[in-house]
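Here chain A shows up in two complexes: once beside chain B, once beside chain C.
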Partner chain A sequence: MQLVTTILIDGLIDASWIFIVAVGLTLIFGVLNILNIAHGNFYAIGAYVAANAVGMYYSGSNPPMLGLLAMTGAALAAAIVLGPLLERGLLRFFYHRDEIVLVLVTYALFLILEDATKLIWGVNPYYAYEPYGLFGNINIGRMNYVGYDLFLVGLAVVIGIVLWLGLNRTKSGKVVLAVIHDREMSSAAGVNVTKIFIVAFTIGVFLAALGGAFTAPKISVQPGLAVMVVLLSFAVVVIGGLGSIEGAAIASLIVGLARALAIHLAPWAELFIVYLVMAVMLAVRPQGIFAPTALRKI
Partner chain B sequence: MRKLIWGVLAAAACLSTASFITTPVSAQGNEKVFKLGIVTFTSGPGAESFGTPGWNAANRLVQALNAGGQLPPPYDKIGFGGLKVEVSVIDESGGTTKQVQELRNAFDRDKFDAIIGYISSSNCLAAAPVAEEMKKLLILFDCGTPRIFEDRNYQYVFRNSSHATMDNVAIVRYLQKRKIKLETAAGINPDYAYGRDNWKDFIQSLQKVNPTTKTGSELWPKLGAGQYGTEISALLQTNPSIIHTSLWGGDLQAFILQAAPRGLFKGRQVAIMAGDHVLHPLGKRMPEGVIIGARGVGGPFAVKSALNDWLIANTQKNEPGVLPSQAHYRMTQSVLGLKSAVEKAMAANGNNKPTTEQIAAALRGLEWDTPSGKIKMALGNGHQAIQANAIGVTKWDGKLNRMIVTDVEVFAAECVNPPVGIKSEDWIAQGFPGAKCN
Partner chain C sequence: MSSPSVISFVAALTLVMLAVLGKVLPGWCVFLLVTAFAKGLAALGLVLIIRSGLLSFGQGLFYCAGGYGAGLLMLWGGVNDAMLLVLAGGFVSLVLGAVIAPLLAGYRSIFFATLTLALSMLAHGALTKADFLGGSDGLNLRPPSFLGFQPASSAEAVYSLYLFACVLVVACALACKVHFNSVRGLLSLAVRDNEIRVEYLGSSVKRVISENFTAAAFLGGIGGALNAIAVAHIDPELAFWTTSGEFVFVAILSGYLSVSAVFAASIMLEFIRSFSSQYFPNAWQMSLGIFMLASILFLPNGIGGLLQRRKKRLEGSKIA
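Our next item is the complex of A and B:
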């Protein structure tokens, strides 16, 4: 029983982290139809700016819990700067081109941002460990967990609900959904598609940066963060369905639980379990669990 | 949709080969200059712990050698026997295919006299046959795989530091000497050649000295995974008496940051292979009581000597507060070995710049002093170095305000390295025949 509980909790913690990072990728694809290879860079930049923010915040005698707001603010600031700049300054010039060209453009962006990150922050590690101890430790059965990891589960749930409600229960969300379903028709109906693109891309960047910001306290922030994250995010959006928020949530759970099962019961399978799930999904349901392909205009 | 799926796959392939190139300076073709190329990670996850420290150590050492008289004897002559050393760095990122091409370019186009390089064992295994085919001097400085000189003979390829087998043999000897409980052993190692070889050497050595030790969890996170929560749960669940890891760099730091608050380092012994490089960056966040090594008597294990004093002072002059770690030491001993060989070859060549063959002949079987003690080219027909190895336990020193190592045991090179004529894995399997321990 203890093992089952441990696998479930480990899977849930892993899934929450994956969801926070991957949901931004799927949102950007859903609205802009861009498979953003540079998504991992936004995660890395979020981790760096959060490490800077945490360093500054905790060097003073500020309330410890509000450090979480400093991290959120840092991720938001990064997104507000990078989102509009990259969408207006680069990506919009390629919207009329083939989707593969946009993939290659974001790959180039990945390379540029990887070097830019190194140029700004160097190769030495940054730490933001203070928030990791904010929630203490919690015993579940015989297993001891860091409260911060369980807090991330709550954060992922909140992000998922806010995104879902924002898209499905607000007027602005309905407008975004209209753009997702038919860009030309929405534009003809008076929707400012350009504005929707800027906002959606910036929110996607923010979610990636937020993922990096809230991961920073448990890692050493240094070069090389982007690659693994974007590969895992791709797996999640392929399993869940490109452009589907609900799909990203379910896929994150599947990936998180699959990894936890593999590590606890068959560690040799950990290397390929995520990609095995992805391959099976591509074989039996290539559009993913929730992809709204039927509604997309061809 | 199909296009996009292909796009995802193409992008994944691109990402796995992402690389960044630092172009070396143009060829000089000068008989008074020795062109030295350093191949090391200047980007990616290997840069922080090994790549940049290695390049910094090489660059600073070369500047000091070129100035002359800054190092203690016998390294006080200018450059390499009077030849000014021109040093450039080449990024090791990008995978073996790129590295092979870079190596060819370095020798053919940029006319380097010698290359010192490679942290990744995969890159070492790929580059060594290329240098041999080109008849150019290649000195491996950091990669750990023992297979290089155990699987074939080389004339132009050398490794001026020990391979990784001694990390594990020394840790096992330490556990045995200190009578540490060895009922069950678990491992968390990176899922590539280095991690697999480390675990195999460790568990086989351990079971050789203590046949009753059972094998617990064997965990294989990907290189660069960053998230270790589930692995930590698995280790806590099985509760082994000793946990072995060869994680390194940012991965090792993330593992420690996530494992320490969950109590993994309490109530069981954790042994980290060649992990000294995380002591300084983690500071007080590094747990006490962890068994640790540095692949050699360097880093926190270094013994006071004129050379070691120079290395520490030279490092701290450029990076205040930083103590040199294993990458600094291995690069320094590699450059000093090359300098010794070039000067020996020059002496036999009428004080003229020696040929590659003359340098190779001089380096074969050479012994030289370094900040980490004496290095002997004892294995692989004189192409593979052996050196003593030190193991200790981490402890916070409040006065020095840094993590130090205590309860140190130094094992002679001949105690933790296989003798001539036997492969490392056979040596371990046969119970370390010919080992000369104190």
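Our next item is the complex of A and C:
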């Protein structure tokens, strides 16, 4: 029983940060129809700027809890700079091309940003451990968990609910859904599609950067972060269904639990369990768990 | 220009020119060409898939399978002959490709790309944890022999390997050139244009995609095996998605219209990488990315498209 609880909680903790990152990827795919390989780079940049922000914030005598706001602010600043710049300065020139070409453009962007982070932050690791102790330790059963990890679970739930409500219960959200369903018709009905694209891409970048920012206290921030994270996000988006927020939530749980199961019961499968689940899902249900209904245009 | 005799003559001439070039160039340059040829072979396989309108992000799987096939035959089977090793690598990948191809033939666009990516990463993860195959460190290989000839010095070994690679490249390029101009090869372009039309005309799209994928796997395996005996090492990184990304880079830069453009792009990649990593160790990926963006933007059909445009212009001026 203890093992089951441990696997469930570890899986939940893992799923939380994966969801925060992957939901940004699914949002970008839903609105802009781009499977963004550079999404992992936004995660890495979020982690770096957060590490800088944490370093500066905790060097003064500021209230410790507000350090979380500094991390959020750093991720937001990164998204506000990068989102509109990349969408307007690069991606829009390829919207008329095939979706595979757009994947290649983001692959090129991945290569550029991978080195850009090395040039800006160097190759030595950064540490931002201070926020990790903010919530102390919490006992669940006989196990001791770091409160910060459980805080991440709450943060992921809040982000999921806010995003879902924002898309489904607000006027602006419904406009975004209209663009997702039919870009041309929305444009004909007077929707400023360009603005929706910029905002959706920036929110996607922000979510990736936020995922990186809040993971930074748990890890050493160093080159190579983007490479693995983008694949985990891909797995989540593919399993859940491209463009589905509910799907991303369920798929994050599946991926998180699969990883926790592998770590505790079959460590030899840890490195490939996610890709196994992804391959099986693609073979059985290629459109993912929550496949959006496709309209046939004549 | 496309008749079999002309193509054979050009192939023979290319082989002679490459052999002479190998004698003139410095050793490091010749070795760089061998690795470029190995990657070019795998990228040529990818081009076969791209011709039918699909993109694989998992060509590294077959590159890796070929490398391990050749490597294990050398270490466990005691085989040292380069030709046997490369053929074994190609065969292992061919079998693997033939098994996977029917499953993949039903997928298109992003789903095809992500499934190939997942399969490649699955192999990477499994190999990393397989201690009996060297785990994440991989395995070191011995220097190969060439049809009974064992090079005595390192310079002789590099040149022998280069000659062997040239023969492989010219043979594969020749086969692909003939295939590109055949009915079967042109059917791939028809699938790219309109799948429904191809089905109505009585051909099976799934079969075309399966055949291309299996042939791509074979070429990937040959490339992987050549790379394995060249660097005398195999490890799971061969199946990592960034390795497949390099083949994608070469295929995009070359385009899908010309065979020779694939090797030109592969050589370009190796030289850019080699020089950039020496002079700008933290910016070589950036230069590749900028190069890739520029080629997508300004050369939508790659170097091959450029060559074809030039050829058509020359033919036009001759008629005039």
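Everything that follows uses one rule, which is that the second predicted complex is superposed on the first by the 293 of 298 C-alpha atoms of A that agree within 3 Å, B and C clash if a C-alpha of one lies under 4 Å from a C-alpha of the other, contacts with A are read in each partner's own complex, and residues count from 1 in each chain.
In this text, a residue touches a chain if its C-beta (ideal position, glycine included) is under 8 Å from a C-beta of that chain, and two chains touch if they have at least 3 such contacts.
It should be emphasised that the depicted structure is a prediction, and the values quoted were computed from it without experimental measurement.
Legend: residue contacts after superposition of the two complexes on their common chain; A:Leu231 is shown touching both chain B and chain C.
Judged by the touch definition given at the top, the superposed model places A:Val103 against both chain B and chain C.
Contact with neither chain B nor chain C is seen for A:Ile28 once the two complexes are overlaid on the shared chain.
Shared-chain residue A:Ile203: touches no atom of chain B or chain C.
In the overlay built on the shared chain, the residue A:Pro286 is in contact with chain B and with chain C. More residues of chain A lie in touch with B than with the remaining chain of the pair chain B and chain C. When the two structures are aligned on the shared chain, A:Leu155 is found in touch with neither chain B nor chain C.
In the superposed model, A:Leu111 makes contact with both chain B and chain C. In the superposed model, A:Tyr129 lies in contact with chain B only, and not with chain C.
Looking at the shared chain after the overlay, A:Thr215 reaches chain B, while chain C stays out of its contact range.
Comparing which residues of chain A touch chain B with which touch chain C, the overlap comprises 35, 99-100, 103, 107, 110-111, 114-115, 118, 123, 227, 231, 234, 238, 242, 268, 270-271, 282, 286.
Remark: chain B residues 1-8, 10-12, 14-16, 18, 20, 42-48, 51-52, 191, 217-222, 224-227, 229-231, 233-234, 236-237, 249-250, 253-254, 257-258, 261-263, 281-282, 285 touch chain A in the complex. Remark: chain C residues 55, 103, 107, 109-111, 113-115, 117-119, 121-122, 124-126, 128-129, 241-242, 245, 248, 252, 282-286, 288-290, 292-293, 296-297 touch chain A in the complex.
Residues of chain A touching chain B in their complex: 2-3, 6, 9-11, 13-14, 17, 35, 37, 98-100, 103, 107, 110-111, 114-115, 118, 123-125, 127, 129, 132-133, 137, 143-146, 149, 215, 218-220, 222-225, 227-231, 234, 238, 242, 259-260, 263-264, 267-268, 270-271, 282, 286-287, 291, 293.
Across the complex, chain A meets chain C through its residues 35, 90, 93-94, 99-101, 103-105, 107-112, 114-116, 118-119, 123, 227, 231, 234-235, 238, 242, 268-273, 275-276, 278-279, 282-283, 286.
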